[in-house]
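Look at the two complexes coming up: chain A is in both, with chain B in one and chain C in the other.
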Partner chain A sequence: MVIVNDRDRVDWREGLTVQGLLDAMGYSYNLITVTVNGELIPEEEYGSAPVPDEARVTVFHLAHGG
Partner chain B sequence: MGATTTTGAGSKLNVIIDGQSVSVARDSFLLPAARALGIQIPTLCYHKDLTPTGICRLCVCEIEVRGKKRLVTSCNYPLRDEGLKVETRSPRVLQHRKILAEMYLGRWPNVPVVQGVAKACGVTSSRFTSELTDENPKACILCGHCVRACEEFVQERILDFAGRGIKRHLTMPYGEVDPHCIGCTSCAYVCPTGAIEIVDDLNRPVDPKLVRDRGMRVNAEMATLDRLQNCMRKMGTANIVQVMDKYDLLPCHNYKFGSHRDSFQIDQRKIVKVVTQDVPDGCWKGCSMSCAKAADDFELRTGPYRGQKVCVDAPEYETAGGTANMGCFDLDFMFEFAFYCDTYGIDIISATTTIAFVMECFEAGVINETHTGGKKLRFGALAETLELLHEMARGEGFGVEVGQGVRWLKRKWEKELGADPAFLADIGMEVKGLEVSEYMAKESLAQQAGYSLAVKGAQHDEAWLIFMDMVNNQIPTFEDKANALYYFPLWRTWFGLMGLCKLPWNDIVPADNKKHPPPVAAKIPEHVENYLKFHEGVTGIKLDEETMLNQSARVHNLQRLLCYMLGGGTRDTDMPPYRMVGPVTREEYESRAERYDKQLKELVGVDPAGMPVEEKMAALRRYRLDQYKKVVDAAYKRRGWDENGVPRPERLKELGIDLPEVLALYSARR
Partner chain C sequence: MSGEDPIFARNVPGSTAILAAATVGIAGCGGLGSNAAVALVRAGVGRLILVDQDVVEASNLNRQYFFRRDLGRLKVEALADHLRAINPGVALELHALALRAEEVPRVYAGAALLIEAFDRADAKRWLIEAWCRAFPERTVICASGLSGLGRTEALRVRRAGRIILCGDEQSEASEGLCAARVAIVAAMEANLAIEALVAAATAGS
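Up next, the complex of A and B:
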């Protein structure tokens, strides 16, 4: 189980990457900042950065528009 | 385009530069990669924010691919080969640079930047002199920075090169001053020699350099980052239509739902295909964002200009949101509706929100064709909706009534038709008489309060907190939400007070904004500072965040007091229609039943299993309205207002607006 934004629970699977997690959450926003267990993940590493089981992830959408 | 290239997820590779192995993004360029290692490479034409061209050829390096060596210009050489070997100071490279440096020095012997580059190449004098030698220390060295800045920063082509070979020179079209030049000064800003100078005599800012420096930062970000972020230059504010739909935030059918299967018909992917004017729009002279778009030769099908081909100011986000709210998922309809709203001088948000309300009332049987002049005003009624708009403009028939807005219609139908006031209050999307703008706030408590506490009514420009609250869960406590409802409305008020556009604040973001923790990143500190420095450059008055917020707070509190003097400005006027807070109808509840049932179980402490939908709706309503009350309590407290939402005398004193007549009013009303 992975906890996203201190609220949402996502089932963990072997080989889960940041991009896989974003896909699972349906997060397609351009301006996203991701941390995994407090560590900032560079955007170019979303496809390879692993998300371990029990990880606490923040997916921060920068609010533009309005 | 800028000096970096797009990188996809996970697209890294290793290259070896002067024996050092380094991991780089695929398709990034060699020069910045080498410089990141501390390797000095001379250039005259490279600029970090402009597309590299390699025209000075001083940055050559020697690469080895599959055993073959060759020279390449490093500034625009994309790194694509794993294990690529690079030598930045091989004998062949140094010889090449030395000859070039001698030639540059021979032509422009007194230009400091040329002297510096020549020295870096081991050249202090030149064997080459001729009739081309220019002794001017501020001579143009044909680096092309200005040409690229003009095109890439502000999307103009005022400057360009003319002539060939030794006759190549910088010029405007036909050698004349181009009237299209907007005086943005980008060319002078990037000129490395001082060949282009700006005489600052416009508006007499206190510190024109400070103003220009900050403006150029925005220009550079727009040139390099916009295409990777929000694509404002290409799509304008409509860029978020698809995202809003995906996150269940696009108002559909009078805010019943946050997405619709047909929304793709009116999102930015369709809009850009109709737009023909994708150029600087003149909204603000020199603005490099140029978000306003237009469509030429759009043939109208209805109204007084039917059959004519016109230019349409292309839809913004709110246009698309309002169109979805009316269920009119048709691109031609949206452009025609937008054209006539602009032509008639009708606010598109109020018009679409009011018509969406009318449509729901029609479908719910509150009104029928006898009230609408025979029009079947169901959601998605394209022709009838356009006819209603024309009636509104002509001052005829049902259009006259609809033109009065949601609040007026509610009162009329309650009084004359005996319509259920509670139902109309729930679905009539207005606060303080102003129609709600185009965001679904049901799942964002902070946005509900942002809308409803706004002094002017439910306009989103005081606080746009949906993503921060609903998606990021970044302001989870009432205190967090109250802090956001303090800072962002005051910040947004400040734009209005200064007459400054909000878009360069958060519709473009510095590449390194991620270095901040999320709560700080949300404010985009570097861009807040841009505005404060702009204020300082124009007026000479330095501001910090607190001073800025207090400038706004004085006005914000006076506005609230004016409302109070007029009989409003209290808690009861800060109540939203329940549709903004939660599901009003069974249809709405059932459309998101999984979400609502989960909330009942986890948040309300009610087991929804086996409960009738009406009971579940009632339980959810009690919970959500209680939550709304609590967030308002917290926001009032943070703002220094009393429990009824009136600014306290102590707060007025803090802000220096404790005028006797205001305090007297406060005492009298208490």
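Up next, the complex of A and C:
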């Protein structure tokens, strides 16, 4: 089990990556910043960065404006 | 020095000397960065590193900490004048440049933490990545979703590791920007920075 944004529970599977998790959750918005257990995952590593079982994942949405 | 300065006489006891010794980096001096910088200087932060390539335009005056007489001036220079008018003793490092990821380690070398105050979401993302890569131990305080009107209750803070993000994470600049809502989020960023600086100094003492 992976917990996303302290709220959503997603089933864990062997070989789960950040991209796999985002796909499983139906994320299509691409301006996001993702951490796994508090560590930032750069965008180019979404396809390779593993998400361990019991991980706490945060997906921040980045909106224009400042 | 700042501990003696009468402008800080009403400060929270114990905070003034800590903040006077601190350096905060700010990326972008628009609606978020200019208002956050003012809050930090009023709080007594001793040194700021300010980065922005733009000049002040009339359309900035609906939310940014500038005045009509600033029109056409570099934002970092106009803002520096306003900050020194509050506290002449504040140390300011000004960079009138279009920041690139590879310059983050050099430009912000002396900053204990960063306030991300960019306008574009894609720029926010590469800045967060560049900061985390350059400074694995340092906090970055970001803003996302501060546009439109009202909806004060939607403005919140979320944390993950060294990343702190405030805003509603939804509203887009295309909705338009209002001084009150932008300034709330700018003040949230400044407030989080002050909290982090005081907490770090207290933990280390």
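Going forward, the second predicted complex is superposed on the first by the 63 of 66 C-alpha atoms of A that agree within 3 Å, B and C clash if a C-alpha of one lies under 4 Å from a C-alpha of the other, contacts with A are read in each partner's own complex, and residues count from 1 in each chain.
As a working rule, a contact is a pair of C-beta atoms (placed from the backbone, for glycine too) under 8 Å apart; a residue touches a chain by one contact, two chains touch by 3 or more.
All figures in this text were calculated on a predicted structure; none of them were measured in a lab.
Asks: Answer with first, second, both or neither: which of chain B and chain C does A:28 touch in the superposed model?
Replies: So A:28 only meets chain B here.
Asks: Is A:39 touching anything from chain B or chain C once the two structures are fitted on A? First, second, both or neither.
Replies: Touch partner of A:39: chain C, not chain B.
Asks: Per the contact definition in the header, classify A:64: touching chain B only (first), chain C only (second), both, or neither.
Replies: In the superposition, A:64 touches chain B and chain C alike.
Asks: Please name the chain, chain B or chain C, that touches the greater number of residues in chain A.
Replies: Tallying touched residues of chain A, the top partner is B.
Asks: Touch check for A:48: first (chain B), second (chain C), both, or neither?
Replies: first
Asks: Kindly classify A:14 by the partners it touches after superposition: chain B alone (first), chain C alone (second), both, or neither?
Replies: neither
Asks: Once the two structures are fitted together, what part of chain A is touched by chain B and by chain C alike?
Replies: Correct list for chain A: 5, 31, 33, 40, 43, 58, 60-66.
Asks: In the complex formed with chain B, which residues of chain A make contact?
Replies: The touching residues are 5-8, 19, 26, 28-31, 33, 40, 43-48, 58-66.
Asks: In their shared complex, at which residues does chain B touch chain A?
Replies: 7-12, 25, 228-230, 237, 240, 243-244, 246-247, 317, 439, 460-461, 464-468, 471-474, 476, 506-507, 509, 513-515, 518, 521-522, 524
Asks: Across the complex, what residues on chain C touch chain A?
Replies: On the chain C side, the touching residues are 28, 30-33, 117-122, 124-125, 128-129, 132-133, 142-147, 158, 160-163, 165, 167-174, 177, 182.
Asks: Where on chain A does chain C make contact in their complex?
Replies: These residues of chain A touch chain C: 5, 31-33, 35, 37-40, 42-43, 58, 60-66.
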